[in-house]
Every structure is written in structure tokens, then in C-alpha cells.
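Encoded as C-alpha cells, here's the structure I'll be asking about.
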């Protein structure tokens, strides 16, 4: 399960670049054409950081797992599907920048996809804890801390999705902030795991 | 063989998203344009669930295998080819929705590809059993149960392909039901394998 | 090196399907449109079978290797590049069928790529033998037999490339025959390796 | 981390071919059309060689690593992002050849991406040494030699980027020379690692 999941994460994160279109018909001023699609690069960065963050969370979870049930395997497939779907709204945002109405729809769809990925990682861990699939040598403290840290930034994503209805571009920056924030706090924990 | 197969499954399942086109020229009402292509998302879901189901079956088979012959390797390559081919009819269905005649052809081609993947997994297992490649510690009961469970949902797929000639959209829902049904019954068995 | 190579083979073989275009603007008779591009499916089949054959050869070689030098790693990268390039001429053949002149060029380019992959696998093995990188427990007989079997079907490919200048479609069938022929004779050897 | 990174390198290197467009509408003289886009093949070769070189460097680094911190994991993600981005400027160069102005912009963007990948590999190693993540059995001599060899060919890339503003095509050949030069000097070192 781990090798397959790692493969899907690695492929999804690398496929993102295929969604960023090269500006065509811009012989005269390619530099300007490239600069004009800066939101495409931002969307690429957000999706890359988010998949990276979800992958790190997933790695921490599988490190703590002792065994798997078919429910866990199906939950995991669901998470992988949501992650694999991300290139679609990434392209949506990249292609509909600067279009008054469409921009709002695109960033909302994008935010919902990011939110779902975050929610599903949390569900995966909570299920694993509830079904007693966690390694016996993991302390209650570890489990509690991990549960807290894996709690999806629900409020953050919902706030950004709502904000995106008025200020779409700002919402995309918000998604980036959440992804970067998620990656950060794992430092201490992983250190401890390494020491154990 | 296992790493290579896992890789192909992971790539095929992740590539599916590239077949779902982003609606273009829909500045005014992107939401409606996105909603209108709901069958594309359904096709994505069906293909993802089917590859996921075939991957789970494949994992169970390789868990039981003791050794490999060149015939097994070639049968496996054939299965991987059929699985790798799935993005093609997925796009076919996604692009030809709501086109009276074409829709029927697309769903039929799609169903045949799904059926072939299911048949080949069954053939792979039956060949492995016949050629005595199964682990010696596997009980006859296990082998019999697995044989039964791996028996392709032949009747189901054939029924849906025929149904699809009259009601294409319903057939696609049928393909989804079969994929979900295939994933389900492995719970008990995998549990047992884990305990052993 | 093995994991990386396996990854590249798995990705290249799975990407092939992206090169097969879905017929567009064929609402009336999709079945005919699908049937008309049969050479595309043949090219897909040939490329899949060839990459599969090269992957099997590569697996046999790495099984016999004891260590690696930087020259081997670079030769291996070169082989991977030639294999990764295959989707390009595959699409070339798929798109230029039934175009008098272009067809000949496309099948010739395709054949040269297939030939190069076959030649490089042979070079990799001969280099490994020459640089004494082969496992000490491999008998001289094994090495000699493997050398013979890995000898690229040079004559076959050259004949087909020349034939393709007159009868392009027949040449593509010839490439298929060579790929299938290459996969075949490894049966006995792999069996022996498994027994050892 | 290693499996995930290897996966990303393998995927990025294999995706490159998707950026090389097949000439269309060239029924009459496909050979000429293919020859005319020779710079596309050169860009493919440069990107393949560069990702290959970065992958080899990355392999050497992970061989020397004893443990990982979250900073290292994030630096690694950053490197993977830069490598994954390479298909974009590769396509940019392939599509804007022979366009006076655009060509200069495309090769400069390309060079900056190649430079960044090279810089980040160096940063990754220096961080690992500074944070004492290197295996204790690695001698100071080894570390010093590796540091020297991993030092990005900064000067070379900067010179080529500047040269590219005047002679874009020559700069692309320069990028190729740097990639090939980077791959070369690891021979002795890897040999030693193998002997240890």
C-alpha cells in the first residue's frame, strides 16, 4: 500500500507541470506573455506544496501503522483519488485567470479539492486510531499530538473559499499559506520519531 | 515484477485526470459548463475505482505467489497493457457524451476494456494455480475462495454492455457498481492474510 | 539504479496511451472512426510489447550484475533515454497513417528508435561482461547464453526498416513480430535463475 | 524520502517527451519537418541529461545521509519542484525556436531553471553536512571532495545564460556541455563507495 501510495503522490506532483500551458503566438514579447500568466505558476506552487504536505502527513501516518484493514485501504484509495484529481482544478485556475466570473468558480472548486484532501488525511488517521491499527509502541501522547496536528485546517480552507468568492487571487495566496503552515509543525515530531 | 506492476497501476490511475478536459470558452458561466460535463467525472470515478479494484486483486494474487514463470510474466504484461489502455476509452466516454449514436459506441468500447481487465486478472490467478506457482502454505480452502472471488463479474459486465446499447449513461453507473462491488468482499480475506 | 530504471520503464510504457488520439468530430459514426485508426492501436501494441521486451531483458541483466560503474550508469541512462523517446515516433506513426510519403518516414524513424533500444541493451550487457561486473557465481555457459540471447535482432530490424520504405504497414507488423519473438526465448533461462 | 524522490526524478525525465510536438500538416515532406525541429530534440537531450545528472548527484547524497530533518525534507521538496518544472521551459525552447526575440527569453528562462536545480543540489548537501546528517563513517576527505564536486557549475550556467541573450542556440549547446561535464567526475568516487 505504501509503495503504491508513494507512487501516486510522486506522479500527481510531477504531472502538475503538464497543466501549465506555454504561451503561444507571442513571438514579439514572450517575456510579457510569461509574466502575464503568473497566477498559473502560483497555482502550480500551491498544488505542489499541498501534495507535498499531504504526502508528508501520509508518511507520518504509515510510519505509525501496524497493520491495514480493507476499510483503511479503501479510505486510502479515496484520498489518492482526491489527490490525483488536483491537476484538474489547478488547470482550471491557470486557464480562467482574469475572467471576472469564471475566476471565482475556479478558485472555489480548487479550494474544495484542497479541503477534501486535508479532511481525508485526518479521517484516515482517526479511523486508524479507532480501529487500533496503530503500532503498540506509540504512546498515547504521540497519538494525541498527531491527531491534533493532522486535524485538517478546516476553518482556514472554508474561510479562504468564502474569501475567494470576492477576492479570488487572494484566496489562492491563502491556500499557499495553509500548505506552508501544514508542512511546518512536523519538525519536532519527526525528530522524535527518528530518535526513538 | 511486483514493483514494475505497482508502478504501472499507480501511473495509469494518476494519468486518468489528464483525460478530463477543462471547459474552455465559458467565461460567462463556468459553473454550468463544469456541471454539464458531469459524465466526465463519473467516467473518471469509474476508471479510478476499476483500476483500484484490479490493483487490490493483483496485490492479493502476488501475495500468494511463490515464483514466476515467463508465461506468468507475459500474462501480467498483457493485463498491464489492458489497464494502461483504460485512459483511452475513459476520454472517449468523456468526449462523446450527449451524442446520440457516439455515446453508445463509446460506452460499449469502455465496457469491453473493463471486462477484459477483469477477465485477465482471473486468468492470471487460474494460470498461477494450474502451474503450481502458489505458496505451499496456502490452504486449498484459501485457493478455492480466492478463485471464486477473482472470478470476473463476467455476467455483470456483459449485461451492462448490452444495456449500454440502449441506455449508455445507465451502463456507466453499472460499471461503477461492479467496481465498488469487486472491492468490497476482500475484507475478510485480507484480514486473514494479515493474521497468518 | 534498478528502482529508477524500473520506474522509467513503467512510466514510458504507461504514457504510450496518451499518444493515441481520440477521434473528434465523428458524432455520426464513431465506430467507423475508431476502426479507421486501427494502425494507431497497432503502434500502441508494438511500442508496449517492445518496451516490455526491453524491460524483461533489463531485469535479467540487473539480476546478473554484482556492481555498477559510472560508465554502466551512463550507458543505462542512454538506454532509458531511447526508451523514453519511443512515445514520440509512436505518435508519429499513429498520426501519419495513410499519408503516402509521410507514412514511410514515420515507420522508418520508428524502426530506428526500436533498433537503438535493442542495440543499447546488448551494449549494456557486453560492457558489463567486459568490465567484470557480472556476479561471480554466474557460469561461463550462462553468460555465453545470455550474450547470445541479448544480441539485438539487428538483421530483423534493418530488414523491416528497408521493407518499410516500400510497405510501411507491413513493417509495423514486422516490428511486432520481433518484439514478440524477443520476449519468447527467456522462458528457460528465467526458470533456471529461479531454481538456482 | 528516497523512494518518493526517485519516483519524481523518473517521472519528470520520462514526461519530457510529451513536450516534443509531432509536426502536423506536413504530409508532403515529413522528413524535412522533422529535421527542422532539431532544436526540440536538443532541448529534450539537454533536459534528460540534466535531470539524469541531478539524479546521480542526489543518489550520491542520499547514500551518505544517516538521518533526515524536516528542513532537509523541505529542501528536498523544493529541489523536486524545480526538477519537475523543467518540462515547462523545455517546451518553451522547443516551441519558440527561430523566433528572433522569443528565442532569447526562452533559453534564458531555461538556463535559470537548470541553474536553480544545480544550486539546490549543492544547498541540500551543504545543509546536510552543516546539520551533521552525514554518516559517521564518511571521512572528512570524502565530505570535502563531495562538497567540491557538488558545487554547482554556477559560473558555467551564468556565462551560458548571458551568452544566450546573443546566441540562444549556442547557449543550449552550452547547457548540454555542462550536464555532460557534471555526470563525468563521479566515476572515481562511486567506485570508492562501492569498494567501502
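Of note:
First chain written, first letter: the chains are A, B, C and D, and each begins at residue 1.
Please note the rule applied: a residue touches a chain if its C-beta (ideal position, glycine included) is under 8 Å from a C-beta of that chain, and two chains touch if they have at least 3 such contacts.
Remember, predicted model here, so these are calculated numbers, not experimental data.
In a homomeric contact, the two copies may use the same or different surfaces; for subunit B and subunit C, under half of the interface residue numbers are shared, pointing to different surfaces. Placing every chain at the mean of its C-alpha atoms, the farthest one from subunit A is found to be C.
In whole angstrom, the spacing between the mean C-alpha positions of subunit A and subunit C is 37. For the pair subunit A and subunit B, the distance between mean C-alpha positions equals 26 Å. Touching of two or more other chains is recorded for residues 3, 7, 11, 15, 18 of subunit D.
Residue ranges of subunit D in contact with subunit A, taken from their complex: 3-4, 7-8, 11-12, 15, 18, 67-71, 73-74, 77, 80-81, 84-88, 91-92, 95-96, 99-102, 105-106, 109. Considering their complex, residues 3, 6-7, 9-11, 13-18, 20, 22, 24, 26-31, 34, 44-45, 48-49, 52, 55-56, 183-184, 186-187, 190-191, 194 of subunit D touch subunit C.
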